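Chain lettering (A, B, C and D) follows the sequence in which the chains are written, and residue indices restart at 1 in each chain.
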Amino acid sequence: MTRSRPTSEIKQTVLTLLGEIAPEADLTTIRPDRSFRDQLDIDSMDFLNFIVAVHNEFHVEVPESDYAQLVSIDGCVGYLERKLSHSQG
Amino acid sequence: MTDIDRTHGLWLLHHMMRIRRFEEKCAELYSLGKIRGFLHLYIGEEAVAVGAMPTFTLDDAIVATYREHGHSLVRGTPMRRLMAELYGKATGCARGRGGSMHFFDASRRFYGGLAIVGGGLPVAVGLALADKLQNRPRVTACFFGDGAVAEGEFHESLNLAALWKLPVLFLCENNLYAMGTALQRHQSQTDIARKADAYAIPAEAVDGMDVRAVESATKKAVDLVRQGGGPYLIEYRTYRFRAHSMYDAELYRSKQEVSQWKQRDPIAMFERQLREAGVLSEGDLQTIESTVGDEIADAEAFAEAGMWEPLEDLTKDVYTPAKQTD
Amino acid sequence: MAEFLMPILGSDMTEGKLVEWKKKAGDRVKKGEIIAEVDTEKATIEIESFQTGIIEQLIAKPGDTVPVGAVMAVIREEGKPSGLLPEVQPQVHLEPDRAAKPTRPAAPLTPPAPRMSESARLRISPSARQLAAELGVDPSTVQGTGADGAITRQDIEAAAGPVLPSSAEAAGTAIDRQARIRQTIAAAMARSKREIPHYYLSTTIDLSRAMTWLTEQNLKRPVTDRLLSGVLLIKAVALALREVPELNGFWKGHAAAQSPDIHVGVAVSLRQTGLVAPAIHHTDKHPLGDLMKRFQEVVKRARAGTLRSSEFSDPTITVTSLGEQGVETVFGVIYPPQVALVGFGKIVERPWVVDGQMVARPVITATLSADHRVTDGHRGGLFLSVVDRLLQEPGAL
Amino acid sequence: MAKMTYRDAVRAGMREALVNNPLVFLMGEDVGRYGGTYACSKGFLEEFGPERIRDTPLSESTFVGAGIGAALGGMRPIVEVMTVNFSLLALDQIVNNAATMRHMSGGQFSVPLIVRIATGAGRQVAAQHSHSFEGWYAHIPGIKVLTPATVTDARGMLLTALKEPDPVFIFEHAYLYSMDGELDEALSVDISTAAVRRRGNDVSLITFGGSLWKSLQAANGLAEEGIDAEVIDLRVLRPLDVATLLGSVKKTHRALIIDEAWRTGSFAAEVSAQIMEGAFYDLDGPVSRLCSAEVPIPYAKHLEDAALPNVEGIMKAVHDVLRKGT
């Protein structure tokens, strides 16, 4: 599976993963630059499950120390682009 | 100037005053909330109870109505027991269960204060029937108001009593008003005494404001009935000076009519007669007032101090306890 | 001096309107004489004075509405009072009708022995039986708190746990379901507040050792096996219940029923539709990793509405954590028929004195709401101190 | 054991009372010369004389009131009100005097009075003569209400009632007078308990008075279908023997009440409430009632039969009870 993925695809995948965690949430209205934990009332258990989903989907290791970078959609996408492009390098 | 026996005259005056002051105290206690519910005062009609009641022995039976304070007082039930009943206390003459309209006294064959208009007449007829069937020389006095003559039970009772020649006296206190309905507005024949003619019952009308006239007419009738002459009807023409019950606005009669009748206040008139006969002194009046005042104050204190009936006795006496059956 | 009071002019009168005085101050009035006119709802009545004397002062003014028994005028008495004039009470003696107030003897507190009818039929009300069928609760497992041990709707609702988004709800629309869930929560909460005499205790626990140990653990663990602080707290509570077992169980009918097993109910918020507290069975027996798996599983099923009814029916205690909602201290309401609820707040950095030195430490406020019919503060306090002690050795959890 | 009609049993009871107790006398419309509307006092006038067998004018309120008065006066009256339909005219005397005197007088007066009243429909006498109001009377504290359905009870209950110090009302279903039955004179007959007339396990048929025999017939029909019905004869509506009827329902878990009165506010409604309150957790299905159609009872036979509870109706109702109560 090719590692490099276009940004829009990464973003779309992140949104679908988030949708599994919060099925009743309306993802079209959330602001990508702000923490989705507050907007969607995602607690630590949900966030852990999200991180596990990201790990399984993108095969990246996400240490607890990096959690802070993944609390918004843009943050996630940026983090994953770095991780994915880095691993390619 | 008919002469009046001083002792008897003072007795009659004392008892009329006694009723009058008792009823005035009741009005006051009602306004203070000590007496509740309905209260029908006898002020103005004292001469009837005081004149008629003593003509019956304690063996005779008395059936009266909800305006029966005067009758009970003269019949002899202690004033204390009546006041306690008005307070609803267990020391009342019906243990606080009857109130003003339902005084009872088995020891004096006083079968109540019965408050359904006309409801007492059939019971009186039955009491007389029992006396006749057991050949007892007793009579039954049945007091009722002019309102009762409109009830079917009045006609049924007079007919049955006459048919079976029963020893009962139908004593109608015609105070001209059935609550708020004047006599001529509820009776085609307003001469109540003549209604007895329909049942071949001897009857007469008497001035209910003249205690001696009441006394003599009633005594004559009682003797006739006691001899087995069958029933007798007396219509006492009297008037109540107060509202039907506490309180009504008395829209149904004029102030002039009331003050006109007050000119013939039974107590004031008899006082004059006693004075004119020279048998009444100022001192006598003071004595009566203070004796009556003391008795009322004592009755009030007795009622105040009386206990409420314990709630556990609420259903006591709905039925007669088994052991009391002979 | 005698006071003239607004008289009671009818059995149902509470006040009267003064129309006009018939006398003025200084006038002499005789007993029985008309002194004023008063309007009741029914009619205008002339009222009489019950004293003879000189009117000292007219207090009420025409047009005033005066309650029964209130003073309207003052009369200076003169003339010989007839006999013992009873002292006029200042206000109307509105004796409460004592006969009407039933004084029921206190009902004996001895719990009625549950009476089993001859064919050992289940004492369950028809409507409770129907609700049990709806909610998938087996009534024979439920202890009745109704008359003579009868099982009531409330018993079924309690047995079915505070919220029931199970499949049985599927039929209703989402809104309808939400309303019903809210209704059930409301019934349980109302009953709890009505029946359970809560007492509340709180303590602050230093979590520095626990958090350090957790970070080290998660570094070593793959992301799928990572632990959350919550699981440490749940395990600590479960183990602490072994030392203070009375907090673990139910209040049945009229007595406490301690539970031999420890099933901690974990409060999980369902975002719009409220809260559910499914049980993690035998919480004290699972190692942390395994407990984390069960914790995740339960939350996922709760959110998806596929919780098994058994997970609802028997949490022996409930833990709720509102740290993530920014709350420091939680004083929760016990879920009947349980007898205790443990609350955890936010983990915050706080100045902490260690050996006389001021240091910063991550701390958390732990609270206990408990049923005073079952335990008292002494045992509750002991429980919290055990939780604290256990959290100081996270490795042993 | 003698075989006789229900009417003969009533007559035997009254005659025994008149012979044994001189204070007993019978009063009512056509009880003397006519021998009683249902011939229950035939021959009494000749044997006991007009003093003790008294035909009354058509004045129900007054001769019932007179019965009360005579009882108060020491007699032991038996008043016969021809039918429950005319007893409405005497309800005031019954409720406000007979039932109330003892309690309201604070236990001073007892009213040892027996009133016998024919009740029920089924003889094509149309609406005004076909009422069943015994349930109304059972609402009144202070009196007892009996509904003898068997020949033994017709005689025995009257004699037991004569020992009661309080008023007792005996309702005799008009249909029963000419019914034959076994008179067990030895049996001591109480006036406080219900009787199990037929044992069964599947459903409790609870009834009284005239409806007993229809219920027994229905039970026999049901037995052929393998349905084992228990039949409870209440015998007494006040005091109601709740223990016996609950005992039956706790065994069968299903109940049908048969009452010839109109369904709304009927005595059957009271029995149903007692079962709901006392055996709620033993019920497998709702208590059901079979009463008269809520219509003035019509004259035409086919209409009257359709309006009244009948054997087929009872059996169908039992089928519904068994099906509904799954």
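The working rule: contacts are C-beta pairs under 8 Å (C-beta built on N, C-alpha and C of every residue); 3 or more make two chains touch, one makes a residue touch a chain.
Just so we're clear, the structure is a prediction, and the values are computed from it rather than from any experiment.
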Most heavily contacting pair of chains is B-D
Report the inter-centroid distance (CA atoms only) between subunit B and subunit D in whole Å.
40
How many angstrom lie between the centres of subunit C and subunit D, each centre taken as the mean Cα position?
53
For subunit A versus subunit C, what separation do you get between their C-alpha means, in angstrom?
43
Report the inter-centroid distance (CA atoms only) between subunit B and subunit C in whole Å.
61
For subunit B, what residues touch not just one other chain but two or more?
96
Chain contact graph, described as a line, ring, star, complete graph or other shape:
other
Every touching pair of chains is listed here as A-C, B-C, B-D, C-D
Write out the stretch or stretches of subunit C touching subunit A in their complex.
215, 218-219, 223-224, 226, 228-230, 269, 271-272, 295-296, 299-300, 303-304, 324
Complex interface listing, subunit B residues touching subunit D:
61, 63, 92-98, 102, 104-106, 111-112, 114-116, 119, 121-131, 133-134, 140, 152-153, 156-157, 159-160, 163-164, 315-320, 324-325
What part of subunit B is in contact with subunit C in the complex they form?
21, 24, 27-28, 30-34, 36-38, 88, 96, 246-249, 251, 289-290, 292-294, 296-298, 300-301, 308-309, 311, 314
In their shared complex, at which residues does subunit D touch subunit C?
250, 280-283
Would you mind writing out the residues of subunit C in touch with subunit D in their complex?
117-118, 121, 123-126, 150
